[in-house]
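So, here come the structures, one by one.
Note that chain A is present in both complexes that follow, paired respectively with chain B and with chain C.
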Partner chain A sequence: MLKQLRAIVGEENVSDDLADRYIYGSDASIHQSSPSVVVRPGSIKEIQEILRFANREKIPVVPRGAGTGESGSAVPLDGGIVLDLKRMDKILEIRPQDMFCRVEPGVINDELNRELKPYGFFFPPTPASGKVCTIGGMIANNASGMRAIKYGATRDAVLGLKVVLANGDLVRMGTSTIIQASGYQLERLMVGSEGTLGVMVEATLRLKPLPEERAVGRALFYELSQAGDAVSKIITEGIVPSALELMDEVAIKSVNKALKAGLPEVEALILFECDGIKASFNHEIQKIKKICEDCGAFDIIISDNPEEMEKLWEVRSSIFPATSMYKEDRIRATLAEDITVPVSRLPELVEGIHRIARENGIIIGTYGHAGEGLIHTAFLVNPRVSDEWDRTRKAVDEVFALVQHLGGTTSGEHGIGISKAPYFKKERKELLELMRGIKKVFDPHNILNPHKLMDAPEDFFTATKLRYPVKERR
Partner chain B sequence: MLKQLRAIVGEENVSDDLADRYIYGSDASIHQSSPSVVVRPGSIKEIQEILRFANREKIPVVPRGAGTGESGSAVPLDGGIVLDLKRMDKILEIRPQDMFCRVEPGVINDELNRELKPYGFFFPPTPASGKVCTIGGMIANNASGMRAIKYGATRDAVLGLKVVLANGDLVRMGTSTIIQASGYQLERLMVGSEGTLGVMVEATLRLKPLPEERAVGRALFYELSQAGDAVSKIITEGIVPSALELMDEVAIKSVNKALKAGLPEVEALILFECDGIKASFNHEIQKIKKICEDCGAFDIIISDNPEEMEKLWEVRSSIFPATSMYKEDRIRATLAEDITVPVSRLPELVEGIHRIARENGIIIGTYGHAGEGLIHTAFLVNPRVSDEWDRTRKAVDEVFALVQHLGGTTSGEHGIGISKAPYFKKERKELLELMRGIKKVFDPHNILNPHKLMDAPEDFFTATKLRYPVKERR
Partner chain C sequence: MKTKALESWEKDILRCIRCAYCFVDCPVLKELGWESAGARSKIILSYGLKEGEIEPNQLIKDRLFQCCLCAQCEINCPAKVKVASVVRAARRDLVEAGHYFEAHRMMKEMIKKTGNLYGEERKDFHYPKLGAEFALFVGCVGKYREEESLKRTLELLKELGVSFTTIEEVCCGGVFGDVGFEASQEDAEHIKEEIKKTKAKKLLTTCPMCYRTFKEDPRFKDLGVEVLHITQLLEKLEFPVKTERIVTYHDPCDLGRHSDLYQVPRNVIRKFAPNFQEMVKNRENAHCCGAGGGVRGSFTRLSINMAKKRLQEAIDTGAEVLLTECASCLHNFKNAKKRKQKIEIYNISEFLSLLMDGEVK
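Up next, the complex of A and B:
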């Protein structure tokens, strides 16, 4: 196998080194399962040859972007080849006059936006991992981020794709036009398919004009239900902020500790941003302020000064590392980390999660894109206490049951991977056979990221080794 | 068959009357092919029973909305059952606080928007047939309309679907959340599938807040290329009008004749609309005005007076009937009627169409959603002259070849049906086997709208009878 692969991509782009295999055996999820070999192709032709070879020999192939996924989508459950697409990192074309750009899959989100800025355009999805995550990974997982409420998710931005199929054939899906009604939208089927249907080697992305200016606001609430009311009223009044974020008490305390932010440690904080021309966003932001006041908010701050805005946002963007440092003996296990419900059910979801945490004697912080109904959970686990893992798993089960009860969905923006697969399979029970049928049409020998999504193991916890030191493994 | 169907939906909802069969044998396309029977189910259960029966007996079933499609998607090529879904016309739920509504497929677009208005929300796609077309038909054909440039197409607005599969099973696709990353997006695969994959019996639709106000503008250009420049500059400067429409000389002349509009009969007219709060849209509309002036426009009118705006829009909305009356002996044959290219290629497309018309000695008017790169063609044909049909068919071939050459797509918002299928099959050549594979997964006995899209006849012109009087049929 190594010899064949080296002949395709060159010696320096194939590795079966133990360290490489270890690193490419995990992403930002709890999972660890090493591939046999890591391959770094540099062209579409090479990818076609690799897939032809793998398809013939029935070797699993797992496409990989930056490995920032939190549910194990890029972890090679069955070993085989990890296809690292980061060398395919060229921006091929920027056409503001046609509202699109064409990129290779390894282009990094923030770098694309840096290149687009002089044209006055941007690619709207804004994952928190934007500094490192790749466009290919964003498409594979249908990433969103906090601006999706106004500007849409990745699924809304993919106009066309070039895809290498399992048999090595190169096909073009979609169009270079901003609308189309030309039959089955296979390019939108690819979005969120997590590498199971083909290897995306080029994307045509819809761009939007960069807003001229923006303003940011922050409001504090003694009670979570007040914040929930405010979010619902903002939406119902037809205001479309460019971001509307919620933080709970654990998140606030974590940030206070990590940043010495000095925030009052109340039940809820919301951050909001409006953009456009000044007259327009001022109008909106004043309406939001009024709603927050009516709902009992205190200490409302609003600013359009760049430094102050950055400081307000820093509180939000540092939650992930801050919660990881919340207690010394704890790690942040990425579980149930992007559950999503209809926006009006948010207070019930957050209160339910707090109840589940209390009842199971564990710590769960919550925060997220309130305007989209998405909640990130920070499960803070002491990995050396096996009983703690048991309670955590029980809590995860209960959180997902609550999400279903509230009419929500398993994943809002990170994808299914391994850790969410059992819940996804329950949620989409009626559709699994259709999905398996589609998978078989695209990938008859089941070589592309096998045993994920509808075919994933029933117990995510025992599906792989864990990335953490664990005292007693069940 | 009649007995079985009557037992399911009741005597009054089954008809094999000659007149009914004739009417349900055509839509707004050139095609005519009668079904054996028309069935009008009133519930999901009835639809399930009908499909179970049809699947067992291998009888073709063609779902139908209002029959406004211009390419023959609802024409039953193989006879069988036409499933008229207009009785399924209930708005089930309006949830502005969650930015969605749930509707049955027979709900009419404008009626939905009338019901949504008091909540301050709307369903953005705006087909010209909005007064009569159904939501189910819009989803099946991925309708857009002039506001898609700002608010997106139907594909962007479908959050969830309930679908009855070919075997009668009822499944739920998608979610009630505004974002999701829970595996294959089957609901987006259904959008644009033209009734070939299942019968959509309920849709969860993303709503957007109604803009507070709007203003409309009109500019005239002696030369088409000037108008093209203006459109390109508007887009490139990052302005997002809520509509940006183009009319050519034939369209202007038609409207002058039909409405006595008294417009100068120049090469191009553009209409633009901006919405939001006053300060915001005034800012945008002034920028557009300036761009038009710089590109050589004359007689620019801008208004935010409701009556004046209606008058400006009337010119655009009456093009279809107006072109139909352009010359007495001519009908308007719906052919190549929603071709779409990257926006900057629009002037080349329109000039190319005019050249093709001249060279083939026929009349083709052009107008459409310039900001989306979509051009409607008005083929004005004397149906009694067989030679004219020959020249028309040749011109259609040439128009589609030009669209491909310019990087465009066969259909922007009406779907493929019968008349566009040969060109679609050429455009998507590499994907036809995948599409056939998917079709087989969903509909193994090929009962749902068979022989459409990838399986459609190679020659659209001889695929059915024509809806028009034809002297000499080839």
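Up next, the complex of A and C:
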């Protein structure tokens, strides 16, 4: 296998060394499972050749961006080839007149936006990992982030894709037009497919004009339920902020500890942002302020100072890693993570998660894109204690049961991977066979990221080795 | 492999959420491309070694030594993982198990023989002065690799009337903690004795690595004198010269991220260079020159490539002069500079001396 791969991409871009196999066997999830070889292709042609070879030899292929996924989508369950796409990082074309750009999959989200800025446009999805995550990974997992409430998720920005299929054929899906009604929207099928249907090698992305101005507000609440109510009421009023974020006490204390953020340590706070033209969004900001006050908020601060706003969003984007700082003997395990419910059910969700945490004697922090109904769950565990993992697993089961009860979905923006697959399968049980049928059409030999999504193991906890030194395993 | 040093860093290793925010601006990752070269991966490899999930091989060793310990990753890490310390501990365990670089082992031998890292014939700058305010410690890189620059620094101190005395130096040993070896207690005792003999109340260092070593290394806990970097002294002095040229400044990692001395050198520069231009990446976000962490000795090309990139960032500011105050950074930049590149590179103190003598504008 090595010989053929080296012939395709060159010796320097293939490694079966233990160091690389170990590293490329993990991401930001709890899983660890090594590939047989890592390949770093530099062109579409090389990817086609790799897939032709892998398809012929029936070798699994797992595409990978920056490896920032939190569910194990890029962790190979069956060994095989990990296809590191970060070398393909060119912005091919920016066409403001047509409101799109064309990029390779390894382009980093924030770098794309830096390039777009002089044109007065931006690519709206804003994942907290934007400084490092790649466009390919964002499409594969349908990433969104805090501005999705106004600007939509990655799926809303994908106009077209070039995809290398399992047999090595290169196909173009979608268009370069803002709208299209030309049959099956296969480019949309690729969004969220987590590398199971093809390797995305180029994306045509819809751009949005950069808003002229922004303003950000922060409202403090004595009770978490008050903050949840406020979010629900803001949405009910028909206000569309460009961000509406919730942070609970765990999140607040964590960023204070890690970043000296200096946030008041209350039970909950809401961050809201409106953008556009000041004259029009000022009205919205005032309405949000009034709703927050009616729900019991105090010390509401509003700012349009760019430095202050940037600092606040920097703090927000740091919560994920910062929660590992919350308590000395605990670390953040990426579990559940991005559960999403209809916005009106948000207060019940947040309250329910904290009840589940109490009942199981564990800590779960909650924060997230509340305006989208999305809550990030920060499970804080002592990774060496197996009993703690048992209680954590039980809590994860209960959190997902609650989400389903509230009419929500398993993943809002991170994807399914390995950790969420059992719950995804419950949620979509009547669609699993249909999905398997689609997979078979695209990938008859099941080489592309096999045993993920509908085919993933039933027990995420034993699906791979954990990347923690837990002493005993069930 | 049995690990010992890594045990003390278990909390940091487990606290790493593997978010990969540390990939941003990791200079080694930018050069090598493979994820295994990035900061996050060094934590993962350390975890693997500690838990016995992987055993050392050549690439694991290379990856753990392909790190300048610049600590840019620590700035970008919201979980505040002490990446550089974990890497140091991993190196210590690797070396203990016999996985070391010959170049690093040789340094130990060289110091034993000659008192300096390079094994060169001993050079001493004789400025002995009884009752001097400062004992001066210049370090190996300046003395044996950037001698002309160092001479200028000493000239400047004399011209400014600084009361200092040189000592009979041996290497401070700071580099050994970085490359997994134990530094010599005997050498530390010699240095302390030398300083004591001078009766000076303050120790003045020109090298940021030596500065850090004297401040942080437990071997120098009982040093008994105040340790200053030369920029801290220059900040208090006035210079009768100015340059109108556009000047930029590179923050040495040991002075900036590791010692929090960002503003001090800028205050010095401001006194004589009104046309100061910051690089885009400056202060805690300054890209590393690639010389640190033992990388220059064992991965020379990688080291020079990093220096080339940083030098280009200096050139991109439009500056005619790149200043720093670290013999290692200076040396690496000079090695990276192409003839057609017009930018001039100096230590601040060296440039000031040249300016005062009218040898540069």
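What we mean here is this: the second predicted complex is superposed on the first by the 465 of 474 C-alpha atoms of A that agree within 3 Å, B and C clash if a C-alpha of one lies under 4 Å from a C-alpha of the other, contacts with A are read in each partner's own complex, and residues count from 1 in each chain.
To be clear about the criterion, a contact is a pair of C-beta atoms (placed from the backbone, for glycine too) under 8 Å apart; a residue touches a chain by one contact, two chains touch by 3 or more.
What you see is a predicted model; the values in this text were computed from it and never measured.
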item	value
Touching partner for A:G408 - first (chain B), second (chain C), both, neither	first
Touching partner for A:T134 - first (chain B), second (chain C), both, neither	neither
Touching partner for A:L259 - first (chain B), second (chain C), both, neither	second
Touching partner for A:D156 - first (chain B), second (chain C), both, neither	first
Contacts of A:Y468 with chain B and chain C, given as first, second, both or neither	second
More chain A residues in contact [chain B versus chain C]	B
First, second, both or neither for A:S26, with chain B first and chain C second	second
Chain C-contacting residues of chain A that also contact chain B	none
Partner chain A, residues of chain C touching it in the complex	11, 14-21, 23-24, 33-36, 41, 44-45, 47-48, 51, 53-55, 57, 59-60, 62-63, 77-80
Residues of chain A defined as touching chain C within the complex	15, 17-20, 22-24, 26-28, 32, 38, 40, 66-68, 84, 86-87, 129, 131-132, 255, 258-259, 318-325, 328, 331-332, 334, 383, 467-469
Residues of chain B defined as touching chain A within the complex	95-100, 120-121, 141-144, 148-149, 152-153, 155-156, 165, 169-173, 175-186, 188-189, 191-194, 208-210, 232, 235-240, 276-277, 279-280, 283, 338, 340-345, 369, 372-374, 407-416, 424, 427-428, 430-431, 434-435, 437-438, 440-442, 453-454
